[in-house]
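Just so it is clear, A, B, C, D and E label the chains in written order, and each chain counts residues from 1 on its own.
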Amino acid sequence: MGWVLFAIVAWVAGLSLNVWLARQRPSRGASLAAPLVFGITLIAVWEGVVRGFEINQVLLPAPSVIAARMATSLDILWIDFVQTVIKGALSGYIIGCGAAFLTALAIDRFPFLQRGLLPVGNFVAALPIIGMAPIMVMWFGFGWQSKAAIVVVMVFFPMLVNTVQGLQASDAMQRDLMRTYAAGYWRTLVKLRLPAAMPFVFNGLKIGTTLALIGAIVAEFFGSPVLGMGFRISTSVGQLALDLVWAEIVVAAIAGSAFYGIMALIEGRVTFWHPSQRN
Amino acid sequence: MNDSQSVISASNLDLTFQTNDGPVHALKDVNLEIHKGDFVSFIGPSGCGKTTFLRVMADLEQPTGGSVTINGVSPEEARKSRAYGYVFQAAGLYPWRTIGGNIRLPLEIMGVPRAEQDQRVKRVLDLVELSGFEKKFPWQLSGGMQQRASIARALSFDADILLMDEPFGALDEIVRDHLNEQLLKLWARTEKTIAFVTHSIPEAVYLSTKIVVMSPRPGRIADVIESPLPRERPLEIRETPEFLEIAHRVREGLRAGHGGD
Amino acid sequence: ADDLTLQLKWVTQAQFAGYYVAKDKGFYEEEGLDVTIKPGGPDIAPVQVLLGGGADVMVDWLPSALAAREKGAPIVNIAQPFAKSGLMLTCLKEHGIESPEDFPGHTLGTWFFGNEIPLMSWMGKLGYPTDGSEGGVTIQKINFNVDPLLQKQVECATTMTYNEYWQVIDAGLTPEDLVVFKYEDEGISTLEDGLYTTEENLKDPEMVDKLARFVRASMKGWKYAEENVEEAAEIVLENDQTGAQTEKHQTRMMGEIAKLTEGSDGRLDEAAFDRSATITMEGGMITKAPEGAWTHDVTDKALQ
Amino acid sequence: MRNIIPVLTVVGLLIVVWYGAAVALNAQWARDVAARADKTLTFSELVADTWSQEKPKLPAPHQVGAELWKTTVEKKVTSKRSLIYHTWVTFSATFLGFVMGTALGTLLAVGIVFNRTMDMSVMPWVIASQTIPILAIAPMIIVVLNAVGLSGLLPKAIISMYLSFFPVVVGMVKGLRSPDQMQLDQMRTWNASGWQTFWKLRLPSSMPYFFTSLKVGVAASLVGAIVGEMPTGAVAGLGARLLAGSYYGQTVQIWSALLMAAALAAAMVGLIGLVQRLTLKRMGMA
Amino acid sequence: MNDSQSVISASNLDLTFQTNDGPVHALKDVNLEIHKGDFVSFIGPSGCGKTTFLRVMADLEQPTGGSVTINGVSPEEARKSRAYGYVFQAAGLYPWRTIGGNIRLPLEIMGVPRAEQDQRVKRVLDLVELSGFEKKFPWQLSGGMQQRASIARALSFDADILLMDEPFGALDEIVRDHLNEQLLKLWARTEKTIAFVTHSIPEAVYLSTKIVVMSPRPGRIADVIESPLPRERPLEIRETPEFLEIAHRVREGLRAGHGGD
């Protein structure tokens, strides 16, 4: 009962602290503190609930248990991180987003492709990863290459859709201006349409960050060397080592948020002029 | 002046927009000759087709009838050879570029060397009295300042033809007078051909060698007034009887157009 | 009738024929039970379902059950319909593997989730390192199918006598192309499909009674299935929701399964349990000898 | 319908590549079989073999086509061997999840745009939530929901919602913030309430972003539904078909389920595209 | 008139924008009283802070010093009680609403009944001469027509105070004259208080009871001219000597401002 009470108190306290924070003058400190407070609140509530209701370890471990496990398994977490995030997710993300971007340009450039490739591309890209994963493993082997391939497929579609949409985002007068300069396709692209497309492109890039991570991890469920976050999670579930499972999930969440955060930061730099960045 | 070379020539021009509730007849049976070195003002009630006419010349709109030639070729070819600079009715600056960057844009596109770009940007910024605002972003400028930046942008690359759609609409009288003078000087010095849309009768009379009065829906040319004023025009010319007489004629033409609405 | 839910360890197939037969033939009904059978899958940990309250009994393999128990899941073996293990290692002869001495330098694919434990302890006994170093073998995790073997991504792979082995055969290889090492023969077998429930359930006499009736009816189902292989396969097929199973494969599987359940009346053999526990411990999956992980209470009652 | 020729061209090209890839990927197996029978294959024999294997690495298009035909046209739609039946099962979970995800995503976006507390504290955690590998927690979700008596459609729909709400949040936050300063100022001068500003300004301005998000979201929904079908014990649906196909090495079956899933996704994306065009046209934005 | 009630009052107003390259001092030490029923024009060089001042009154910009009250309360409270209508310098129509829909927007927001909405939309469309364009979308209208639509929108809900930022900038002289007259009539009839930014000296003189001349960077009030003209003003008044004299004084003030730049 005590723990349940603890959970309730933590929830109320965290919430009111955040409401108070939001009322303060906007500052770097506040914008960092708020999510932190929110997170700590969540964790405290979790701890309280798990202990209060005596939920079995093999169903849901308490945050303290997970933290302890993380502390003792840093080496495992690190090699898994390198295998999955650096080798699998990152390389696939770069290739996938790059390919989607170029495809979007091609589609935009040639109406023939727009009419032919876009529908077919949508179709191919919609192949669910879960189905693709075993096939990719069959084709590219157990190593990180097959993970990268899956990430490529996963990030491709959101990036493509957003970029294609973005390339149509400049307004009529802005395009007319380019016409008056007799600016050719490429110049119009570089000087007008790409900058105008950036808010959309970054949407795709941001959605891609988390997809890349999920993709790389999930792909490892379907075949991997004996390391990697997905491998660890799937085998640990089998062994009911849920503390390790959650430790890996925490690493994934931190890595994913950091990845997203970096893209958001770059977005702020690149699309500073967009109303959504200004107000 | 009639013997000089024809730069812009429209014959039987017709343009109809298709809209969700029926066609809009924007230009009807428009005939016009503009010669090299002419300064032609277009004046007429709001919505009469001035912008549309300018856009046809600039190959931004396709006429549904008749034809236009610029320097003897089609508007498209003229556009492709960068024969004109265009000032839009709204400033239309790119929000991701600073004022300087916006003005530099056409220069970059036309491949002007970097050093010369800087110098030209400086010069036109001076001309429109915006020195010091080079590094600001468009949304940090007042409406009039944005408009001036957009004029600077069209002047920066020195085209032989200038198409200007109410460039001075958002400016105060003093700046406007100043820019009128500057524009006249530029025109006299460089022999540019200028097509200029305005709503100000004095401005039209002060600047033009030819004033085209348009009447609305469907837009037609109601009157073409050749100005007898000398090319050399001090500001004071606006108090002379000739000036007032032309202004009167323009006003009458306009009023007739409004009546026929 | 009393409701009871059974969580299987795997998808609907003849491996679980006894339960489907008991349900279809009305054996459960005769005992006054209304049994729901939930198929499993690769990512379902039956233990979680059991503890989460989604099932009353589950089918599990002993090593993973012991591991769960050590992790704090209070589960207990109440019956053991499978007397023998069906696990084996299947190698392609063309890779030149004929006996365990030939393993070094080769890649062995195994399922994980605890299935790698017997293999690891076997390699340990043979003295081969498993990290791919000189004089050792490479252990590769593979999924629950034989594609890696067929496509030569591995040279040997874990198979079940009743399922994956026949998939290799169906793929066009003949028994002569293959070399198999049955875990039973290599002395590394662990107990497979047993029935487990929670300690809490066992404290409740009413529940124990229900379980006893369940085990009795299930064993009746198993014996019926052993004797009527084709009919049992037919019943399994009817219960498969995916519509992906074939009659040929299920009939053959039932035939092989019958060999494993043969001779079991449901009572857990203590010696087999101890051997399995030792192997599980040697493989590092548990750290100390399990206690209270099984009971004869239910089978005793069922077999009265 | 001027799209037909380009689409057919691209599809044709794709099929040619596919046949080529089938030869390349399946050749090893064909040679192995031949070697075991002490034969060597001529090229045409090799090609013929690679296009007709029972368990190919990559089935040839006509094999998949035949399987699709067999499992859609030749089976009653109510039969569990009918792919249409399984597609329907998956579709219903996808659709429900998509609707819930869109609603949740939009709600969160609205909260984030209107409430500073939410903006500051929730967004990072929404992002973090998406980095949790769904396949790892899907079984837990299903177990937990099962334990409280929910099974069948809803657990799958919840997983599918979990995946689809994210693109909607990201897109809608941006879209709802896309009106420019002057438009917002106007609303201020009329003292429009937050709700009115939302309804009359922010929402209409966000439409282009909204539809783009929906397209991504519906594809994600489908993935979610399929993931949700896997640990439920391969009961029914395209996910179950994929899984069962994988356990029995039925590549042809996997591919036909995959193509069916892709067709389902493409149809849904296409439908949203259609609605988008109609809506934007009515709004005078296209 | 000094004894009448003060509607807008600014004291020691100061406003500085922070930009990427340093602060911009837009308003400095501005003091002003506007009384009920006043028609006040603001005139001054482009970028001098007219828009900024109007925005402060409308609670769209927070002053960094000094204070403003509207009807004795803060701009925020005034805004919340919908005390004023605002016409922006750019038309700012919503592209997804028709002209009619745009004008109806504030009425919807303020909860005016549907039938009355229709009637008001019709009335203001008539007033700005846009009847017949109700169903068109903004991009199907010319620049001047858009501007008129935006004026109609601000008039539709009949606020006691009107803040107008160059509302007639994009209009031709005839329409402008017409709208000037209409606005004066409206003002006389309804006793509204109007703050009006313009660049046209004649317009300022013709319309106002008080002309505020501003000088640039930092924006200050250079001169406040009380007009001795009667409230009843036929268009011909623009030829009277009084009129010309005031115009001259405004021009001088402006020129001084430009000099001091």
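Here is the rule we use: a contact is a pair of C-beta atoms (placed from the backbone, for glycine too) under 8 Å apart; a residue touches a chain by one contact, two chains touch by 3 or more.
All values derive from a computational prediction rather than experimental measurement.
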Self-check item: Chain-contact steps, minimal, separating chain D from chain C
Solution: 1
Quiz item: For chain E, which other chain has the most distant CA centre?
Solution: C
Quiz prompt | Averaged-CA centre spacing for the pair chain E and chain B, given as whole angstrom | solution = 28
Practice problem: Return the distance between the CA-based centres of chain A and chain E, expressed in whole Å. | Solution: 49
Quiz prompt | Approximate Å spacing (C-alpha centroids) for the pair chain C, chain E | solution = 84
Quiz item: Which integer distance in Å separates the CA centroid of chain A from that of chain B?
Solution: 50
Quiz item: Could you say which residues in chain D touch two or more other chains, in rising order?
Solution: 57, 135, 139-140, 143-144, 181, 230, 246, 284
Exercise. Scan chain E for residues touching two or more other chains and write them down.
Key: 90, 137, 139
Quiz prompt | Sequence positions of chain A contacting 2 or more other chains | solution = 59, 134, 138, 221, 234, 237, 274, 278
Quiz item: Across the complex, what residues on chain E touch chain D?
Solution: 55, 58-60, 79-82, 84-86, 88, 90, 92, 94-98, 105-106, 108-110, 137, 139, 157, 163
Quiz item: Okay, in this complex, where on chain C does chain D touch?
Solution: 8, 11-12, 38-45, 48-49, 52-54, 143-147, 150-152, 167, 170-174, 177, 240-245, 249
Practice problem: Would you tell me which residues of chain C are touching chain A in their complex? | Solution: 43, 45, 47-48, 51-52, 64, 67-68, 71-73, 112-114, 139-143, 147-148, 151, 153, 285
Practice problem: Spell out the residues on chain D that touch chain A in their complex, using ranges where they run on. | Solution: 2-3, 5-11, 14, 25, 57-58, 115-117, 119-125, 127-137, 139-140, 143-144, 166-167, 170-171, 173-174, 177-181, 184, 208-209, 212, 215-216, 219, 222-223, 226-227, 230, 238-239, 242, 246, 254, 257-259, 261-266, 269-270
Quiz item: What does chain A use to touch chain C in their complex?
Solution: 56-59, 134, 138, 141-142, 221-226, 231, 234-235, 237-242
